[in-house]
Structure formats: structure tokens, C-alpha cells
Amino acid sequence: MLNLLSKQLFLFDPLSLFFLFVLSIISLPAAIYSFGYLKGEYSSTKTVLAWFLLFAFVLSMALVVTINNILIFLIAWEIMSLVSYFLVVFDTKHEKSIQAGTIYIVMTHIGTAFLIVAFMTMFKYANSFDFSAIKSACLLMPAQTRNIVFLLLLIGFGTKAGIVPLHIWLPYAHPQAPSHISSIMSGVMIKTAIYGIIRFVIFILGVNSSWWGVLVLILAVISCLVGVIYALMEHDIKRLLAYHSVENIGIILLGIGLAMFFLSINLPYLAVFSMIAGLYHLVNHAIFKGLLFLCAGSVYKATGTRDIEKLGGLIKNMPQTAAYFLVGAMAISALPPLNGFVSEWLTLQAFFLGAFNVMGGTKLFLGICAAMLALTSGLAAACFVKVFGITFLAQPRSHYAQNAKEVSLSMRAGMLFLSLLTIIFGLAAVIVMKLLAKVASAATCVDISDMSFALNNFTVSPQVGKSIYLSTPLLTFVLIVLGVTGFGIYRLFSREKVKSYSTWDCGYYKLDSRNEYTATAFSKPFRIAFSFFLLPYRKTQKIRESFYHIKSFAYETYTTKIFKKYIFDPVLALVFRSAKYMRRIQPGSIHLYLSYIFVTVLLLIIFMHRF
Amino acid sequence: MQILFILTIPILLSVAVLFIKKQRVFGIVNSMGYLVILSASIILLKEIVSLRSSISYFGFIYLDILSAFFIFVVSVVAFAASLYSIDYIRKDTESGVISEKKAKIYYILFNLFCFSMLFVPALNNLGMLWVAIEMTTLISAFLVGFYNNKESVEAAWKYIIICSVGIIFALLGTILFSYAFSLSGGMKSLNWSDMVASAGKMDKNTLKIAFIFILVGYGTKAGLAPMHTWLPDAHSQAVAPISALLSGVLLKTAIYAIIRFGIITIKGVGFQYFSNLMILLGIISLAISCGFILVQKDLKRLLAYSSIEHVGIISIGLGIGGILGIGGAMLHVFNHAVTKSLMFFGAGNVVNKYRTHNMHVMRGVISTMPFTGFMLLMGAFAIAGMPPFSIFISEIMIICAAFLKGYYLVTFLLLGFIAIIFGAVVNHFSKSLFGNIPKGMAVVREPLSGKLAFLFLFVQICALGLVLPFIKKDLVWMVQTLFQG
Amino acid sequence: MMVIILLGILGSTFLMVMAKRMPALIRSFCYQSFFLFLIIFITAFKENRLDLYVVAGLIFALKVLVIPYFLSSTATKIKVSESLGLFINSQLSLIIALVLTYFSWMFSKNLGFTGEYFSGIAITVAFSQVFIGAFLMISRMKAFTQVIGLLVMENGIFLLGVSIEEGMPFFVEIAIFFDVFVSVIVMGLFVYRINKLFTHIDVNRLSRLKG
Amino acid sequence: MRIFVLILQLVLFIGIAPFLSGLITKIKNNIRMRRGQSVFQPYYNLVKLFSKGEVISETASWIFKVTPFVVISSSLAAAILIPVCIFSSPMRYMGDFLALIFIFALGRFFLALSALDTGSSFGGMGSSREMFISSLVEPALLLVVFSISLQFGSTDISAFSGMHPVTVSSIVAALALFLVTIAETSRIPVDNQETHLELTMVHEAMVLEYSGRSLALIEMASYIKQMIMFFLIAQIIFPIAVPCFIDLAQMFLWIIWYIVRIIVIGVAVALVEVSITKMRLFRVTDYLGFAFVLGVIAVVCAILGV
């Protein structure tokens, strides 16, 4: 325990370097962005504080992914949580921020408690804090213990990652932080938990039972669906994005879980491939979610509200932000040829390839998982149609949106950088995959020298001999050529002028923003289709001028957060109720207090021989 | 020789109060005195560590590493409290809460209180140890009831009665120990050093019973549940610097006594007995404090219950044993003393500013008093066991010890309770530290000496986590010399 | 002879349990302290030890004379009603006291004091005093009873100290005496303050601080 | 040469797709005892639309203007991807069957956005419903792909080159795909192309604001998409091998066969359309749930090897 300083304190293997890379590409634009974002938002001391916390945050995450010692890992992990807590409560004036921060730090601390137990078990066998020592010691661990350690690690890291049902902190905490921090939190911080799972479960502990992978897959599927369904119901733009983080963590874990599954049934090639898919989605999610949070921050900065029901028409006032948001939205909806498409395709492909190589019912399981992933991406697309359409298109729905102005240069620069990355990571899929293959082989300890995932520099080919290909550059080329051809034909026939006129109003003469479709209305079909899970309810209120004339009509709809209502709230209530009962033992009577002492003495003496 | 400085300076200071007229001057002189004591105690600690043996004067004063360590802890907190007192008391006199004369009485009592606490670890004679601990109770009772209002007098009464009853059981235990000792060797002595030497020959049954009385007796003073009931009352009503002393070190002197007797018991009866009792009481303390912290509204009571929690952790650490367990407990003694003092100072400032103990009314502390607010925020995380602060290190040592020794249930309970308490503490403090400032609150500048006290403690909170590798060897040695053989 | 004195101590303790009013309680305490003094005095006489004589003298001076006087004078000064305020009525209290005595007898047997006949009884009486003192503190409402209960417990411990190992080292004994004395004074002061602030000394009603 | 074949493929799609739509309308009308419009009516419509002027809403942004090109390009890209005229087209490097699904999603995404762009509530309604239906379609469609690729051992698009035997699994899969196709091509019972009643519109509501050439492009895109879907069903249930080499006679024969088969599918669709009524929107979940179950059965059959 006391041998704190091992010889090698830091670890720079491909896995760590990969996460450092992800960290740097997200925090750089976020930092640039924050120049503009912080200006005018906070007092000068707070701005300095924000910078300091940003650096501390980035530094702590860098520590987490490079440290080679579980005790210091734990400390760095907690410092990361602490710093991010301060960032969540940065807007100290809001009661909401404080509550969000508390939920966040408490959840993550409970997660850490599980990690502590897992690490102690590892330490017990290894008698060292060093990763390599623990790795070799884990081979000697009995199967039962390994299972327990795995579960502990899964809960511990799962809390940070936001796996359902441990995700409840995420939609509270992420939106409350300043936007550039939200982007780092969602882009990188929750990924450190994925790092933890890869590092500790796959790399150090070693996967030896197939149910580990299956469990992770099931949790991942649930996370995907729950995340995206809640996101559909959400109209706070940042919280919506936070729910999408839950979803995307699920997709990442699909890749990771598959890798675990394949490792345990000894299919190393597929394990590496699935790991690549997972890691690819990880970096992609970091990029596009970072981008989307920055855009959401710009919208907030320009309009002062995060409620998309009050926005609209921003594409005219903030064309650049809108364009960046569109890129991000397309990427997260897995539309070709952007990066989200590539990684989701790879993940699906991992399922398919896996299904070709396993027997019996497992095929069906993998197929259904893949189908759920497809459902998720369909719902995500619907959700982003909603967000983009309601926020940026049509007419402004309130004065917030009417007076919006394009944000400052540094903010745009940050968003531009990430948008370019989104496109690059889509087009340069092969190069990225080749690099990721090294990372994946380091993480899974599988030799990849005789494997190849790419045909040449433009086409991805998951498995030789299956003739499955994907070439995003070619796809882009074809799409552009065909689109331009379409445009050419369009121009060719342009004899008549294009007229601009108001939207068709069915003869109603006052068509304005109040007639627009709202986000609530947009998501209504989903609310009804998933009502068994969302348990929606509504409140209506008629404000009457007289009996015959209703002046206005208020309609609010809510969904029940079942994990919060049926799992966390009862547990909390139980804890508080028992604490309240406990208070009764101290009613202020000195006689009672004295009798406690007396009774303690008597009891201890009577049961003396038991001790 | 350092011990002479350590013990005479408080007495001299308490006499000097009568001669120095200006309160402010005396405050500064006072803290200079405690600075001397602090340096003397550091020198003493270093000397004993480097000598690797104990020092004894006339068989009356016996200083081994344990005593030196506790003297060090006491002097650290006492120095901080003396620094903090300067402005705290001045503010109280200026606002007319207490008179000039009462301020003098405060300083006299303060010095006597510190003297008695510094005296406790230096004593070899277990009877005198008892007397010294009872003295601490009697002196601090006045400091608890210092403001002389209904709450504080009630608290003082409960404090004095419950602690006296407890301590009488301790006296009973002491007599039984000496009886066991006299049976074994025929020598008539109450000296700890003599007793330890022939602990193996003592009657096991008598030792067992005696230790129960000691545990309940000094446990009352240490705040182990279910004998803790005086503690939240006294701590919440005492003058803020005294709350810090009470929570930071008074409890620790009682723990010191338990350790002294515990060593004899371990050598006579075996470790298992000691261990079971300590773990049992520790877990009960944790459980009870956990419940009370969750639903607490009063800031200072919250901190008091947190002290009970930490005493519970220390007790568990001692009970688990081994270098990790006991070493962790020792570190925890220091860490908790420092951190909790910081918290009580902060609470004192906040209570002075908001004129209430109710946390539901305090809002936006970090905006009204940025420095105190910041310190409280850090302190709250430190006290809840968040790295990089030092309490995390000692807690993790104790948890690790429990786990490695195979006390899985204890580990589970420890982790669970600590996590719940963490949640509760963060919840309470984040609500009152952040948020909107109540109407009519102005931003204030905090006085320098108060800030110095905070910084002095804060540096130690942060630093100890890093120093650990360097003191590791000494810590191991300390535990080995105390508990082996 | 010694046994009779011991029984006297026990008897006076029972009297305290049954007492309903303040003067009766203080008087019984006087008797008890006096019997204690006798025991120590006789032991000193038997063994011819100077320090025990001094201890005996101190007991007589403090516990038989000064403390009871101090308590009763404070009681009359603050003019509160003389009743003790029983949680448990005197008959039931007596039964509990008997049970506690029996318990301490079992306990002393268990402790292995099989040696002398005298010390066996002495230890029983000592423990029963400790327990009954604690019981008094728990079951009586007034602040004074708590002080007296504490003193009873202390007496028990003295008896124990004397009977099992012929007293503690001299200076320790003196220090303990001093301590006891100071604590009684301090408690008296607080009783005075309580009376002034609350206009009663019914400690059961001191329950502003809870939870 | 291969480029020529690709262009041929595109021309084939562009040329035949409107006819298919017209044919279905004609059959429907005939079954309903009406004479109905000409089979070539869609061509007339397209020509007319191309020659007409265009009105764009004042509130619309560039999204609205760019959407027709994105939609047509995604449909054509899909058309170019699948092997119709020749087995190993150079475009197979572009992607596989899974990519096809995503390419369709691209067009749909923009169409839904453009519907919201004008600020009319019809557009929003259509957009919302379209995304709702299409997202529920995805899992069923994926299972179809899954069951077929399980038989073929690859998700390569050449699974649809018609070189594998018809099994129980592929019949069930084709059935599921048929249900999906009905939903995707906005036909009864999921949607109704013929109505302009606000409450029932889905696809039509989305394109309500389009006029002139833009509308023509969008209509064309949806014809092509429909034909691709029909082709896929045809290749699953009546597999006939795609020519491996460029041989004009063989290709001609194959194209004849191709047209015959998709007409058969078209007739089936028309029969379904006239024989049942449109469902309420929220019953669509049940409908697509049934498609999903069929997909699962197809996968199970594929696993069992039947």
C-alpha cells in the first residue's frame, strides 16, 4: 500500500495516446471557443476562474488516461470529478446548477466507491499498484472473483459513462456547465469511463466469460434506446444533447461489448474489428457532440434561452452556426458521408461479421442488437430533424430568436475546426482505421500484423473474402456528381423565374410563427408510440374571458422519468425516512443520554465473552 | 526539554492575560506563544523520531512517539485557534456580545484548556491521565457555556454531566487495570510504561472488563456512539475557536487514552478482543452520524456529527490494525483535526455574518464572504473524503486495511456510509455556499489573522497527501513500536 | 465490623434511591460518605499507613461536610421546590436497585475475586454503588440529583480502589479528590446559572438542543 | 465501358420509375371500376412541372432550395449502387447493403428539414410523421438485411445478384421487406398518395410547399426509390442472376425479366392498396412491429438453415 511511487508512473501506450489525442482535439477548439463565450457572460474574476478550471479539468483528464498506478488513477479520477463539479456549479446563482452538481458529484462518488473495491481486490492479488503487475496477477485470480471485479468496474465506470440506469446525473449536469465545458464533458470526460472499461476490464483483467460481453451489450442497447427516446422528448437543447450522449455511449459500448464477447469466444480478428468500431465511434462522438454543444452554446449566447420552443429562424441571423450545427446533426444522425455514418456502419458490420462466425441463438441475439442500433439511429435522425428544424428553420417563435446575432469570431473558429474534423473523419476513414487498429490491438493484446481492414487508401473492407466495402470518398464523389447533375438539369429548364411568396396559408390571412409546428407536436407520435415507457401525462388550462370565449389555452405535457421515479427516488426517500426516524433517538433528554451510556456498559459486559 | 516549553507557556500566557491591557496585543502575544509551542512540539517529534526511543522525566512524564504525535496535533490546532481567536473575539467585543472582561476570561480559559490538552499526552501515570482529561472537561464546560444563553448553558450542562459520568467509568476501568497489574507483579504503580512491560502476565478476564469500562468511559469523551450525545450540543454552542479545539483535539486526547489502554489490552488479551470492540463502536458511530448528517439543518451540529463519523473511522482503523489500519487511523487523527478546525472556523465566520445556525437560511456564502466560502467549500470536500485532500488518503488506507484483512462487511459498511455522508455533506454545503445572496447582505472583507489561520490549516490539508511517501518509514516504525512485542 | 459498615453503605444507597426530597437525599449521601470514611480510616488504622489517613481525612472533610453543605446551601439559595421529580417511583426504583446489586454481585464473582470474604462483599457494594449512582442520574429529573448521583458513583470507585488494592498512589488520590471537588463546584455553578436562565433546575426540560 | 453500363442503369431507372407509379395507379383505378388516368401520366406530370414556374416561401432558407438536389442525388446514388445491369459494378466499392439504408436516410433527413423550413404546420406534421414511420421501419429493414446476409455470408450488395436459392427464410424476409416497402413508399395502409386531406397526409404534406422543377425532382426521387425497393423484393423472391459480363443480348433479356418482375410486385402493391383501408397513424407501430416480427422469423429460419 505504501509503495506509492512505482518506477514507471506514466503509461504511453497506443490506448493512452489515443485518448490523449481525443482530449486534445476537443479541448483545443473548446478553449478557443471559450474566448468569445466567456466574454460578457461573467465577471473578470470568474473568467479567470473559468480558465483555471478548464486547464485543471483538461490536465486531470490527461492524468487519468496516462497514469500507470491505480491509486493515483483513483486520485486523478476524483480530481477530475471534483473539477467538473465546480464547472457544473459554475453558474452559482442558479438553484438548478447546484442541484445538478450535487446529483452529479454524489453519483460519481458512489461509482468511485465501487471502483475502490474493485481496485482493492486487484491490489490484494497483485500487491502492487502498477498496471503491469496487476495484469499479470489477474491471471491468477479465481473466476468468481474476476466476475465480481468485472461487475464492480462496470458499475463504477458505468456511472461516469452514463449507462442506463446510472445515467440520471448526466442530463442534469451537462447542460448546466458553460457550453465549452459541456462539450468537453460530453466529448471527453464520459469517455474516460470507456477508457477505464477498456483499460481495466479488457486490458488488465482480461475477458474470460462470454456473459460479460453479453451483459455489456444488453446494457448498451438499453442505453441507446432510453437515451434517444428521452432526447426526443426533451426541448432544452443542451439537455437533449446530454441525452444523446447517453445514447452514443451506448453505441460505443456496443463496439466494446462486442469486442469483449469476441475475445471470450476466441475470435481475435473480430474483437479487434469491433474495438475499432467502438473507438471510432468514440472519437467521432467526441467530435460531433463537442461541435453540437458548442453550437448550442452559441445559440444560448445569442438568444439567452435553451428552450427550442422559443427559437426558430436562426438560420437567417446566424448562418454559420446553423451550418455547423447541421454538420453535427447530420453526423450524429449517421448520414453519409460524415464520420458518424462510418462508425455506425462499422459497428453494424461488427454485428454482421460476428453473426457469420458464431452459432445458433447468438446470431439472433446479435441481429436483434443490430436492429435496435438501427432503430436508435432512426430515432436520432428524427430527433435532430426536430432540433435543427425547430431551432434554426422557419420563423422566430419569440423575441429571443428575433434579435439573435451571429456569434463572435473565436466561437465560430472553434465550431469550424470541429466541423472540419467531422468531415475529415468521415472521408479519411481508412487512415483512421489503420491507426485505430494499432490502438485496438494494444488494448486487446491481439497481434494484428496479419490482419487488414482496408483495401487501399480509400476503401474500407472489414474482412478479406467477404467482398464488403465502404468508400466514403467515392460515395461523396457520386453524391456530389449526381447532385450537381440534378442541379444542372434544374438550371437547364429554368425558363420561368422563381418567385418568392408567403407560405400557403389555406386562406387564413394571418399566418405567423404561432401557426408553426412545435417541438412538442413534432415528438408527439413518439410520445404516444413509446408511452408504455415514457408514461406521459399532461396539464391543460383554459383561461376564459367569458363562458363562451376562451382567451388562451395552456397545454403542457410531461413524461415520467421512470428510472428516477421508480428506482432513485424511492431509495432516497427510504434513506431520508430512516434518517428521520433515527433523529428520534436524540430528543434532548439528558436522562436518556445517560441511560445510553449505562446500557452500553451493561450490554458490553454481558456480551463480553462474545468479543 | 521542549516539553517544558510546551507545558509552561500556556500557564504563563494565562497569567499574562491579567497584565496586558490591550486585547489585540494580547491576542498576538498569545498566538506567538502557540507558535513557539508548535515549533517545540515539532522539534520534540523530530527528536523522538530520530532517536527511535522514548524520553522520560521522573517517571511522571513519559514521551514516546505516540505522545509526541498527539502533542503535535494539539499544538497545530491550538496555534490555528489562537490565530483565529484574535479577530473573532475582537469582533465579539466590538459588537457587544461579550464584555472586555469576558474576553480576558476567554483567554485565560483558552490557555488553561490548551494546557490540559497538552498535558494529557505527556503523562505517564494513568491516574493522572484521568485527572487531566477530567480537567479538560471542566475547563471547556465554561467555554461551551461562554455566551451564557439558554442553549449554551444547556449544552454545557449536558456536556459536563455526560462526560463526567463517562469518565467515572473510565476511572473504574483504570482502577481495574491497576488491580490487574498489582495481581500480576505485586508492584504498586499506575505508570503506563510499567504496565506495558508486564501486560502479558495480567489476568485476562479482569483486563477485558477493565477495557470495556475504559472504552465506554473515554469513548464518551471521544464521541463514540452511542455515548456521543453531548457532542453535537457542546460543539454547536461553544465559541467557534473552541469548537475547533473540541472537535479537532479534545476528542483526540480521549482517543489517545483509549490507545494507551488498548495497547495494554492487546498485549494482555490479544488483538481480536480490542479489534472487535473498536470496530463495533466505530460502525455504530458511523451509522448514527450518517443518519443525523442527512437531515441536519444546523451548520455546527452538522460538523459535530461529522466529527462523530470521523472518530468512528479512526476507531475502525485502530480496530482493524496492521500498519495500514493503525497508520491510517493516526494520520486520520491529524487530518481530521486540521480539516475540522478549518470547517469550524469557517462556520464561525458564517454564523457571525448570517446570525443563524440554520443552513436553510444561509445562501450564497461564497458571494458574501469569498475567502471563507472558498475555504468552506474546499473543507467540505476534504471532510467528505475527496482527493486530493488528506482525509481521502487516510480513509483509503483504513478501507484498504479492512479489505485486505478480510473484513468485507466492514469495508462495505465503511464505503457505504462514507458515500452517503459525502452526498449529504455536499448537498448541505453546496446549497448554502452557492445560490443567491439574501437581501441586505453586504460583501465583507475578512481580517488577516483569520485568513492566516485558514491558510495555515488549508496548506496542511492539501499537503499531507503528498508528504505521505516521506513519512512512510516513520509511520511504519511508529506503529510497530507501539503495537508489537 | 467491616461488613456491617459495608452494609451501612449499601443501606444508605438504598435510602437515596427511595428518597423523594432533596434534604433526604443529601442526608443519605452524608451517611454514605461517612461510612466510606470509616472504612478507609479502619484500613489505615490496620495497616498503619499515613497516606490513607490523609485520604480518610479528606473524605470526611469534603464529602461528609463541605460538599453536602455546599449542595444544600445552593439548594436553599436558589429556592426551588425540594421534590426530586421521579421518573420511576421509589418502590420500583428500589426493586431496580436490588436487581442492580444482584447484578454487581454476579459481576464481582465473575471477575474472580474469590480471595477474601471481605473484599468480595466490598466489591459488590462498590459496583452496586456505581450502578445505582448511574441509575439515580438517569431516573431523577433535577440537576442536583445528577450531581449527587455522580458523587455516589465516585464513592463507589473509592471503595473499589481501597478494597482491591489498598488505594491508589497517594498523589493520584489527591488529584482525584481535587478534581471531584472542582467538578462539584463547577456543576454547582452551572446549576446556579440554569436556575437563573430557566427559572427551574428541572434538567428534563432542558431539551432545546435535539437531533 | 462500365461507366456506360452505369449510365444505362441510371437511365433505366429514370425511364421506368414513373411508369411503374403510373401503372400502379392505373391498376388501382381499374379494380375500382374506373377508367383511370393513363399509365404515362407521371411522365406528363413531370414534363409539365419542369416547364412551370416555381414559388418558394418567403420564410424558407437555403435548406429548402438545396433539398431537391440532395434528395435526387441520394436516390440516384442508391440506384447506382445496386447491381441491376451488371454483377460487379465499379460502384460496389461505394458501399454495401447497410450503406444503402443510410443513403436513403440522407435524402429523407433533408426532405423532413425542408418541410419544417417553410413554417407551415402541414410541413411540420408531415415531417414529424415521416420521421416517426421511417425510424420504426429501420429495425425491420435491418433484420431483413440480416437474414439475407446470414444466408449469403456477407452484407455485400451483390447478395442481390440473384445467385442464391429461394428459401423459407428469404420468402419471409421478402414478405417483411414488402411491408417495409409499403411504408417507405407511402402507400396504403400507412400513407395515401392520392389524398390531400391534412389529417392523413404524410409524404404529401412534406412536399406541399414545393412546386415546379423542385417538385419534379422530388417526385422523381420518390419514384426511383420505390423502384429500388421493388427490385430488392423481386431479387429476393424471384432470383434471377445478374449478367456477369457485358453482353448486350443477355443484358437485354435480363432487363425484360427485370421489368416483368417489378410489374408483378407493383400489381401486388396495387392489390394491397385497394383491398385495405388506411390505418390510423398510431396503428403503424403495430404494423411495423409485425414487419419486425417477420424479420425475426426470417433470421430464425436463416439460422435453422431453411
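Brief remarks on what is shown
Each chain gets a letter, A, B, C and D, in the order it is written, and its residues are counted from 1.
Here, a residue touches a chain if its C-beta (ideal position, glycine included) is under 8 Å from a C-beta of that chain, and two chains touch if they have at least 3 such contacts.
Bear in mind that the values here come from a model prediction, so they are computed numbers and not experimental data.
Steps from subunit C to subunit D, taking the shortest chain of touch contacts, total 2.
More C-beta pairs touch across one of A-D and A-B than the other; that pair is A-D. If you average the Cα atoms of subunit B and of subunit C, the two centres end up 31 Å apart. As a whole-number value, the distance joining the C-alpha centres of subunit A and subunit B reads 44 Å. Rounded to a whole number, the gap between the C-alpha centres of subunit B and subunit D is 78 angstrom. Multi-chain contact residues of subunit D, defined as those touching 2 or more other chains: none present. Those residues of subunit A in touch with two or more other chains are numbered 583, 586, 590, 594, 597, 605. Shared contact sites, meaning residues of subunit C that touch two or more other chains, fall at 134, 137, 146, 203, 206, 208-209, 211. Interfaces, counted as pairs of touching chains, are A-B, A-C, A-D, B-C. Residue ranges of subunit A in contact with subunit C, taken from their complex: 583, 586-591, 594-595, 597-598, 602, 605. Only residues 125, 127-128, 130-131, 134-135, 137-138, 141-142, 145, 148-151, 153-158, 160-161, 164-165, 168-169, 171-172, 175, 178-179, 182, 188-190, 203, 205-206, 209, 232-233, 236-237, 292, 295-296, 301 of subunit B touch subunit C when the two sit together in their complex.
The touching residues of subunit A, when paired with subunit B in their complex, are 1-2, 4-5, 71, 74-75, 78-79, 82, 89, 92-93, 95, 97-98, 101-102, 105-106, 109-110, 113, 116-117, 120-121, 123-124, 575-576, 578-580, 582-583, 585-586, 590, 592-594, 596-597, 600-601, 604-605, 608, 611. Listing the residues of subunit B that touch subunit A in their complex gives 157-158, 161-162, 165-166, 169, 208-209, 212-213, 215-216, 220, 226-227, 229-230, 232, 272-273, 276-277, 280, 288, 290-292, 294-295, 323-324, 364, 366-367, 381, 386-388, 392, 396-397, 399-401, 403-404, 411-412, 415-416, 418-420, 422-423, 426-427, 430-431, 434-436, 465, 468-469, 472, 475-476. Those residues of subunit C that touch subunit B in the complex are listed here as 110-112, 130, 134, 137, 143, 146, 150, 153-154, 157, 160-161, 164-166, 168-169, 171-173, 175-176, 178-179, 182-183, 186-187, 190, 193-194, 197-198, 203, 206, 208-209, 211.
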